[in-house]
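In what comes next, subunit A is part of two complexes: it sits with subunit B in the first one and with subunit C in the second one.
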Partner chain A sequence: MLTISIILFIIILSFKILKPVYINRISILISIYCSIILLTIIFNTNVFYNYGISIYNSLGYISINQIIGQLIVWFTITLVLLLGESGKTRKNILRSSEYTLIILLSILGMNFLLISNDLVTMSLAIELISFPLYISASLYKNDEIYEGLGFNKNNLSGIYAGLKYLLIGSLGSVFILLGSVFIYGDTGLTNITNIIELLNIFNNKLEIYKIGSTLIIVGLLLKLGCAPFHNWAPDVYDGVPTIVTTWISIVPKIPFLIFLSLHPLFIYPLLSNLTLFSSFCSLIIGSIMGLLIFRIKRLLAYSSIVHLGFILLSISCIYYINTFTTIFYIVVYVITSINIFFILNSINLSKNIELLSELKGFVYNNKLLSFSLIISFFSLAGIPPFLGFYSKYFILLDSFNLEYYFITFISLLCSVISCVYYLRIIKIINFDDNIYMNYKSIHLNETISIVISFFTFLTLTFVLNGNLIFNLFNTPFII
Partner chain B sequence: MNSLIIFIILTPCILSLVLIINLLLPINKPDFSKLSPYECGMDIIGSAREKFNILFYLVAILFLIFDIEVIFLFPFATILYDISVYGYWIVFFFLIILTLGFIFELSKDILNF
Partner chain C sequence: MLIGFFLIFIGLYGFIFNRNNYLLIVISIEIILLGTAYILSIFSINNDDIIGLLFILYIIAIAAAEVALALSILVTMSRLRGSIHIKTSNINTLKYNPKIIV
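The block that comes next holds the complex of A and B.
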């Protein structure tokens, strides 16, 4: 259905039958429809709990975990597309008529990557994900027309960021392709289920296969933005307009992480060593380098590196303890990040914000908005009783039960260090004098305010009844 | 694997050795006139770069894409007898998807100078 809609949208846009606003609204309806279908699949069928189904002549493989991943992707994309409704038509992001089309192509790639069971479809899907990201990063110039989008004062910063993203992302794709070439060269197979059957026979005798799978893992980590391959992330997330960072910083991570965690393509001792090393670097680099930052989006980029460190820690524990902590952490991180980015976008509608010091005394501008911002930052820092604490707690419980004592100690230390810059933001919002905004009150859009209030409600009231989310994700992983 | 491992370890060592010697030993006193680009021995007038019309790049990229589409049509032409009507319709859908991209590019009206 996605492909048909993309084809129709291409035709519609080229002949200018409809305005881009209507295409945005139709795609919002499509994404709501798809997420409802996926929800009903999860709740109504118990077919996929023990095994999966191969589709497209064994180029694809569907089980319950892939459906959960697709659900998360579609759900976040409805929210991202809702941002096209914000602002007046002159300041809107839909000034460029291909914006929704780019997002839809990227989602097609994400769904395809989650379904993929073959090395060729994996590389194809990764390219489909990445190219629209490079395009949308460099789509807007800093003119007066595009004022409400959240730019740097540097005129061409989006284009610089897009160029950096393109070069480093294509390096990651190159690593993935070389790795799959090595795997094919050693095994003679491209289908992943066949490779797993072969691996069960030859346990440790495939040397070049190990090189290939390390290269694929390195390429995926590079595309995610994990340390020690993290250098592009703060520059890209900072230089791109804020509406575009809401989706390039959150949504591509979901299929890559789920693909890393669920696919037995990578030999588990090898994968767990690499991801443990990467999580160690990510935690230290993200927490320490974030202390020096005074721009908001750069800070959020470094905090995303820390959260990726936690997720990689839980990925390395999956083979031994078969739980749902990765998906739960991903969902929590997505909820809080979208909350924060929606709040930043709503502030940008009135006045463009880049630096942390422009948020001084934000309580006096809009009390409820600053309340939700404070709660989401508390949740990111991992302070009970908010939502972020429980996700970190489950991960640390798992790694402690597996006797990874050193890495749990390091992660606890780094979450404490990262608390510094979260609490500094909260102090700036609450206790400083309102210099930059002159006590001007900020008005919100209706759809954005509904989303922000729903997510702050979720983070606040998870303590009281967490069963609702657990019933959705308390499914065994299939390997 | 032994000789391969030695090769992989030795070449960065030799390379870094040469680069470190290059860093440490020579005299490096840069001057403004030493670092400036060469303009027949005279003083510099302007920047060495000029504006590049992006139309050239666009034409090259579009040629590349449709040329690769044509490359895919060559084996289809040789084997058409064996895959008769079913194969024809599969390649038809492939061509339709690429034609959609072509329609989009034409509608943007970018190849006008």
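The block that comes next holds the complex of A and C.
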């Protein structure tokens, strides 16, 4: 019902009766409403505790994990839509109503992907996620009007980024389609539950099936931007405006990763070597290549590759462990990176910044904002009292208990190396001279400042009462 | 079956080794999708199952939507830059800017 009503909502809004600003506000309210509904479902039902419910004539499947994934997606999208509401940004990015409608369409695809239990639904939902992303990457192509968006004049990189994203993403979806075709040809089934039952009967002796699931994993990794296929990600994330970067670099990763962790069909023990190899590559490449970079969004793209490496490490152990560690890492990564992008966007309101050197002496301009930026970078680096340390700790603990000693050692080493560039940013903010910092002081919106302060508070004080959050989510996360 | 694999490899070859035109890359993606649909039809005949044929319809629709998106982006690009050749339009202009030192 929720999805059908969202489809109706998109159709009604696309007639352009309302102003784009009102459409954005209505969508914010709708997404808050959806996340509240999903929260009440999580806390009030004990119906699907160990097992789920098959829906849409067994094309879909809902259990508590899927609902938690949908909750994370809706919560994140509320924040992304709130970001379009601030001052100068609102005038520019909400000039047309396409931005909001495209985001809503993609969210529809994400919800379908999370509940899909069939190869056909899976591939169609992945397409429905991807097409709006290509459009929104290439939507803001002209110059001179987009001052508040963090975008250079005379810079056509938005359209190139969109084209690159489209070509690589469509190659990934082609791989996913080809893989599902191979699985269908070998087993004659498209329902994932039936395929798992068939595999249990045949004791994993289906050879063409292995080729098919390998192709599906390769396609998903290509869409996520993990390491052997990572080269498009920094170009695309750097080429688009900062608000669109917030949207396309954080949100689409959530449903893909949760889908991978919920269906170990594609990663049954033989194939977990593939994700282990990918996590190894992404840890090393992300941490070493990030040392060379001096553009902010490019650096954040490489840091996201490192975090994808950690998540893939926990996904390749998922056959033996709880999904709790994976989902906790995803939530923590989303919180900290959304906080960083909010701060960057609020700096963009007074002056566009693209380079790390433009942050020199930022602490003399706005002390509280720079404090929260420093806190969230510490949390990304995994310094102990903050939130990011605990998520890394759980993943390393799990992989160590499963006797993956080599990859645990490599991930420890790479998190140390990636500390270098996070700490370099903090050094630039605090201890460098105030050379470039001659722009006027920043005035924040109420909404943006509330979000930034809440997330910074959460990152700081998780150490004081972490049990509050763990007890909250302890029961639903048990499989 | 061999024809389908042949089409897929032609498409992959065109996607990787093409250095002239963006349009040819889009066409090679379409060729890969065509090969996929061909293989799928043979599989569905072998399995004696109707779902594969339905899946082909979805694949064709996806291919059409992808081509529409790619063509619209290419049209805007040629209008802004004047050409859609790969060499004349440097996609990596953002990579390193040597003017500014950290």
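Everything below uses one rule, namely that the second predicted complex is superposed on the first by the 443 of 479 C-alpha atoms of A that agree within 3 Å, B and C clash if a C-alpha of one lies under 4 Å from a C-alpha of the other, contacts with A are read in each partner's own complex, and residues count from 1 in each chain.
Note that a residue touches a chain if its C-beta (ideal position, glycine included) is under 8 Å from a C-beta of that chain, and two chains touch if they have at least 3 such contacts.
Model, not experiment: these values are computed from the prediction.
Shared-chain residue A:Val120: touches subunit C; no touch with subunit B. Applying the stated contact rule after C-alpha superposition, one finds that A:Phe15 touches subunit B and leaves subunit C untouched. In the superposition on chain A, A:Phe371 makes contact with neither subunit B nor subunit C. Contacts of A:Glu207 after superposition on the shared chain: subunit B is touched, whereas subunit C is not. Greater residue coverage of subunit A by touch, when subunit B is weighed against subunit C, goes to C.
In the superposed pair of complexes, A:Ile7 makes contact with subunit B only, with no contact to subunit C. Of the two partner chains placed by superposition, only subunit C is touched by A:Val181; subunit B is not.
The contact surfaces that subunit B and subunit C form on subunit A in the two complexes do not overlap at any residue. For subunit A in complex with subunit B, the residues that touch the partner chain are 7, 10-11, 13-16, 207. Of all the residues in subunit B, the ones that touch subunit A in their complex are 1, 97, 100-101, 103-104, 106-108. Residues of subunit A touching subunit C in their complex: 120, 123-124, 127, 131, 134-135, 138, 141, 156-157, 159-160, 162-164, 166-167, 170-171, 173-174, 177-178, 181, 184-185, 188, 190, 235, 238-239, 294-295, 298, 355-357, 428.
The residues of subunit C lying in touch with subunit A in their complex are 8, 15, 22, 25-26, 29, 32-33, 36, 39-40, 43-44, 46-47, 49, 51-52, 54-55, 58-59, 62, 65-66, 69-70, 73-74, 76-77, 80-81, 89, 91-95, 97, 100-102.
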